[in-house]
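Sharing a structure, written as structure tokens. Questions coming.
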Amino acid sequence: MLETKDLTIRFGGHVAVNAVSCAFAPGTLTAIVGPNGAGKTTYFNLISGQLKASAGTVSLDGKSLSGMSPSARTHAGLGRAFQLTNLFPNLTVLENVRLAVQATQEGAHKRGLNLWSIWSDHKALTARADELLAQINLKAREHATVASLPHGDQRKLEVALLMALEPKVFMFDEPTAGMNAAEAPVILDLIRQLKKDKTKTILLVEHKMDVVRELADRIIVLHNGTLVADGEPAEVIASPVVQEAYLGISKEAA
Amino acid sequence: MKFDFDWKPLLLVPGLALIALVFTGSFSTWLTLTIAGLAMGMIIFIIASGLTLVFGLMDVLNFGHGVFIAFGAYLATTVLGGMSDWATADSLARNLMALVPALLIAMLAAGALGVLFERFIVRPVYGQHLKQILITVGGVIIGEELIKVIWGPAQLPLLPPTAMSGTVFWLGAPIEKYRLFAVAVGIVVFAGLAWTLSRTKVGLLIRAGVQDREMVESLGYRIRRLFIGIFAIGSALAGLGGVMWGLFQQSVVPQIGAQVNVLLFIVIIIGGLGSTGGALIGALLVGLMANYSGFLLPKLALFSNILLMVGILLWRPQGVYPVSSR
Amino acid sequence: MLKRLLSDDTPRSRVLAALLIAVVLGLAFAPFIFPGVKALSVAAKVLVFIVLVASFDLLLGYTGIVSFAHTMFFGIGAYGIAISATRLGAGWEAMAVGLGASLAVSLVLSFAVGLFSLRVRAIFFAMITLAVASAFQTLASQLSDFTGGEDGLTFKLPELISPSFEFSEEPFLGVSLDGRLLCYYMLFVAAVVLVLALLRIVNSPFGRVLQAIRENEFRAEAIGYRVVVYRTTAAVLSALFATLAGAMLAIWLRYNGPDTSLSFEIMVDVLLIVVIGGMGTVYGSVVGATLFVVAQSYLQDLLKLGSAAASDLPWLSVLLSPDRWLLWVGVLYVLSVYYFPTGVVGRLRTRASR
Amino acid sequence: QSGKDIRIAHIYSNTGPLEAYGKQTAIGFNLGLEYATEGTMMVNGRKLVVLEKDDQGKPDVAKSLLSAAYSDDKADLAVGTSSSGAALAMLPVAEEYKKLLVVEPAVADSITGDKWNKYIFRTARNSSQDAISNAVAQDKDGTSIVLLAQDNAFGRDGMTAFKESLKKAKVVGEEYLPPATTDFTAAAQRILDKFKGQSGRKVVYIVWAGAANPFKVSDLGLKSGGIEIAGGGNILPALVNYKPFPGMEGSIYYYFGIPKNPVNEWLVSNHYKKYKAPPDFFTAGGFAAATAIVTALKKTGGDTSTNKLISTMEGMSFETPKGKMTFRKEDHQAMQSMYHFKIKVDPAFAWGVPELVHEIKPEEMNIPIRNKR
Amino acid sequence: MNLLELSGVHTHIGAYHILHGVDLAIPKGQLTMLLGRNGAGKTTTLRTIMGLWHASQGSVRFGGKDITAMQTPQIAALNIAYVPENMGIFSDLTVKENMLLAARSAKNAAQMDDTRLKWIFKLFPAVEKFWNHPAGKLSGGQKQMLAVSRAIVEPRELLIVDEPSKGLAPAIINNMIDAFGELKRSGVTILLVEQNINFAQRLGDTVAVMDNGRVVHSGSMATFSADAELQQSLLGLAL
């Protein structure tokens, strides 16, 4: 169970996330929606430790994560894909994924830096990375450097890195933005599979309402940093806040 | 627009001076040290201004800055040598008639050299700090050697004109006349830079160009010309600084630029890498610190700059006026 | 076998492999192929620089830390040997003590430097290390009771590795078997071992993480690597290797002074070699150091020929005069940045992969 | 063995920070050989061959060049070099190869002091000679002196020797500044403090090597406090800074207008002829090294065996632009005159002209012997 | 009449051959949609038009003038605005300064066209709200809004936009559709790359579909929308 209590951050006078308290249970997929600048990405940053909260706490399975570095939180079971693609641009696709696989090993088995074995001897890492690449249809380009991938493929790789970490909590920040309608389903399928495994907690920031409608078990709405709605998808989508501030429906009707 | 000027760094200079007053004991000694330190700081500012300009606007770490300093200083030996009658005459007007052309010629020539330097040395490495360091160090070596070819390897004397040598007294404190002249030049340089950068679009344009050159070009600006212009100005300032520094030292050697490199880096780090105002504060602090520590704790004087820098960085890890998050 | 020795990081280009073999054989048989004291000195300097540059590459090429304080550790190694040999006399114990002490000093200092590198922006860090290194150099010349000041220290080492020691009266293949020769082979073995060790480190899982940190520190932290630990470890390792290189230098020269091991000039040379050779490839240091040191050592002789040939063109012969050899070093700097953006190794590998 | 060339390696800073000095030494050395062999470049039918080598001012380079010169080039003896550090690094090489090294123009005392070995001779002056001759020039009753020098071995050793040989004047303070100092305001203030309460003649004695001009302390409150500036003589470009101080006294190693002897006349006139400029410190030094070597070779009849040369040169006198010099037997240091001068302003010269007050003969200076044999 | 014409354009990036003979015509005054799956070469086509990469073969003509070999600033000066895929925000500059740079004719903020700014503020409220903030601190969607605002701060003849709707909330997408509609009515020619098919269909007059570095279909949006089978085969999607 991932839980935030009164999570708040201020940038100067601007309160980007304002006392958000929320719990996310394993086996559910929660969609986080809200207008641009509502604080969704910032909320993620607070949970995964990229930003330090001005107030409030984050805990996972009852254990407080506050004060931990991002890497420690990753080892504790948080996994995160970024909104703006954020990879290792001059390494190959395969190396990118292998690095993420290796990170899980460091966490689970030995914490050593492992500076006296030969990288290519670790066959298991490569095998696992290959498997992941196959899942996202990128096997064909495994030796390309990431910088030369088209935008859409980079987005997919971003997701692959998250999968490689095998976390308890998956946080997706607009995973299909900039991805075309033929490719997006690959990612969405992956998310569906995760859902089937009833032990994972999934958080999804997404602007495409059809996707949200289909996947989400629950929707929370952020507006100006505040949690303004929380509930069943149908109910939340129908609520006036979402209709007006987010979907802009009433404006068009008026 | 909200005017939220960050005034705290401005207090550093008087703050340092006040602390020193407590320890110095004698007021006239303190006054001498302070005035000399501030003036020295102004000279340092003049040589550092071009470097911080080029770094702040173009994100180019120019290890070759020293070459322009040396070049300016050497040109001044030639020009002043050629007009030695006027330079040694007993009239301020005549002295200026020799000195001003020397300053202008040094600036123009250093600026022109800067254009070449930009074209052949810097242009291929925009955006790559490491290669900038290497290639500009290559430029320094070439420049120093060419100076030796033209002017010879020996030390050359460079004396300030008659009216600027000697001392005046103020409240009992001796002040070298030359330092007063340097302060005047420094103020002109600072005012000119501050005006251009804050009141015109040029400053914006270049800062943007450093971040995303392609985008600036896509907006229709010829960033290349602008870069050349800035580099020329930065080099010209170095040339000017070289003359001022040479006259202060009263002699020039081919390594004159390399000798001040570390000092300049410290100044622009304190200032926040790229901020003109910051560089001024940094230079004044360094100038004062050198004199105070030289008087109070000469053993430590050697490291006073480093200590100053570390102190400032502990307070503001990006220097007193951080320019950007680059 | 060979592949494992090279930690599975093969040259991946025939030309490069040939080049490396040539360098290694050349160095291994240098005393016999290139007779003379000068040639041997050059070869020894190549060995020292290979280790020094490779250690710097661990920091710069693999971790992305630009530091100008690397010669500081080089100097510490050299001063360690120099000071202990001066104080404790010409024994093996003195060398061991000096080496141990300098490694300890480097460890502590590099740990601090490594931690500090995390606090400030990369380019800031570069300039701060520049200031620190220059202060360290001044400090070394100030503590003249200890370091010999500007003049440096000349000292004696165990008889066995001194030129005056003769193993046999008879020269072998025209080369006299003396302590100098033994000393050279000592350095050779040390260099081979150290380079292979570095190769192992950069090709370990640890090495890959360093690369990831270089590429995108933020993301490396996000997928669970403790960037602080990795960066500091890399900084410390690289400093220790540099210290060893410094010790090698002192052992060979039996002299050390601030200009010899601490100067900014050496730092820049090292930087250039890394770039010429190819950043992030240990092989680059081998190729780069050899090319550069040899070029630097014989450039003046070459220019002598050149200026004699150009004697009827006065302006050209002024520029080609051996006095102006540094001018050409400068040109070499500029050109190598122009034409070897990825270094010799990078170039050869791209060519081979086509 | 007559007929075989005599090979002399000359190692100097042809490039690097001391380039200007190194070049002067080389010119002086070659002129010296020309003078001493009367233009034949031969001694006893053996031709003198000079192998010029550039140590770039770096000790490690100097060291390996000297080894290479003795072993690869089969040099019979060597001369060098400009930087004291480099010269010190070369000393053990001479011992290893058991060949002669004539040190010129490095001045560090330890070259003929604790780092000395029997293969080393020095034609250059040493720091003690500089300091002691200056002390002789400054030593007057009722004078109080503050010392100002760079904070390095060169500055401190020089000042110690200076202090030790003062008999009448008294030292009231010492200031050591970082070698890279460019602003002397603080030093001037400290010096003023040190003179507080002193009466009589007040002098700041300055030893400085480098680009900055320490005489500026005078303008920073010393002149108005009635304090005089004094310092040893210097090379010509630095003498420019002496021009504002007419009447200043000190001792100088060489100034082309001072020594009156045929060797110097020959040097000055030939140097003017060839280079359109007067010779300076290092030209004279290089010249002396050459005459020393040729004198010795003539005495051995062209024999270059090291032991023969050593025994010949110990106690040997030879003619130089500075008059007669003698290699002291104990430490192989050339004993030589220094010149007590007074600065005069002559509009014909860009620099302050040192006029001879008194030639300080070797006998007047008690130069300590610091080596162990 | 076509304002912009690409014929037989080949583009290489380093050693890679990316565009293999692109033929594309953008009719004046119309809004052309460029569609295609990831990696089809859409971005590369736009960059080639802007002179950020140069065609190795073929020609690019604007208003009858050959601009194939021209430099980017000159191309932009022909009155073309471009929004790149990565948005090209100057993150150290404030939102205002970003806008000021895009307003080529204004020397300072006071000289920017007020009514036009008001119009932009209405469409994209965030731009007004964060006027004096460093642009780097904006959220992903806000940056996207700024990027588009910059392109329309002054009237331009041709507007080239790479995926404007990515990361935007539905309400803002609606605003953007309105904005492009208004621009089109004022006579601006627009070339849009888009993945959001809904967006595409509501705005587009003509459509071109790319695959593997070539244009594999072009025609009017109306026919394209009506022909589900064509869409299926070209884009691999059903609506």
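Chains here go by letter, A, B, C, D and E, matching the order in which they are written, and residues are numbered from 1 within each.
The rule is short, and it goes like this: a contact is a pair of C-beta atoms (placed from the backbone, for glycine too) under 8 Å apart; a residue touches a chain by one contact, two chains touch by 3 or more.
A quick note: this is a predicted structure, and the numbers were derived from the prediction, not measured.
> Which chain is most remote from chain B in terms of Cα centres?
Result for max centroid distance from chain B is chain A.
> Name whichever of B-D and C-D has more C-beta pairs touching across its two chains.
Looking at C-D and B-D side by side, B-D shows more C-beta contacts.
> Approximately how many whole Å separate the CA-defined centres of chain B and chain C?
Once rounded, the distance between the two centres reads 34 Å.
> Roughly how far is chain A from chain D, going centre to centre by Cα mean, in whole Å?
Computed from C-alpha means, the inter-chain centre distance equals 75 Å.
> Using mean CA coordinates as chain centres, what's the gap between chain A and chain C in Å?
Result: the chain centres lie 45 Å from each other.
> Would you give the residues of chain A that are in contact with at least 2 other chains, written as numbers and ranges?
Residue numbers touching two or more other chains: none in chain A.
> Return the residues of chain B touching two or more other chains; collapse runs of consecutive numbers into ranges.
As it turns out, chain B has residues touching two or more other chains at 148, 302, 326.
> Where in chain D do residues touch at least two different other chains?
Answer for chain D, listing residues that touch two or more other chains: 19, 178, 180.
> Output every touching chain pair, sorted by label.
A-C, A-E, B-C, B-D, B-E, C-D
> In the complex formed with chain B, which residues of chain D make contact?
Listed in rising order, the residues of chain D that touch chain B are 17, 19-20, 23, 175-178, 180-183, 185-187, 189-190, 192-193, 211-213, 216, 219-221, 223-224, 237-238, 240-241, 244, 350-351.
> For chain E, which residues are in contact with chain B within the complex?
50, 52, 71-73, 76-77, 82, 84, 88-93, 96-98, 100-102, 104, 107-108, 132, 136, 150
> Taking the touch rule as given, give the residues of chain B at its contact with chain C in the complex, in rising order.
61, 120-121, 124-125, 129-131, 133-135, 137-146, 148-149, 262, 265-266, 269, 273, 302-303, 305-306, 309, 313, 317-319, 326
> Could you please specify the touching residues of chain C with respect to chain B in the complex?
It comes out as residues 60, 66, 119-124, 126-128, 130-132, 134-135, 138, 142, 268, 271-272, 275, 318-319, 323-324, 326-327, 329-334, 337-338, 341.
> Spell out the part of chain B that touches chain D in their complex, as residue ranges.
Residues 29, 32-33, 36-37, 40, 148, 152-157, 159, 165-167, 169, 173-174, 176, 248-253, 255-256, 259, 287, 290-295, 298, 301-302 of chain B touch chain D in their complex.
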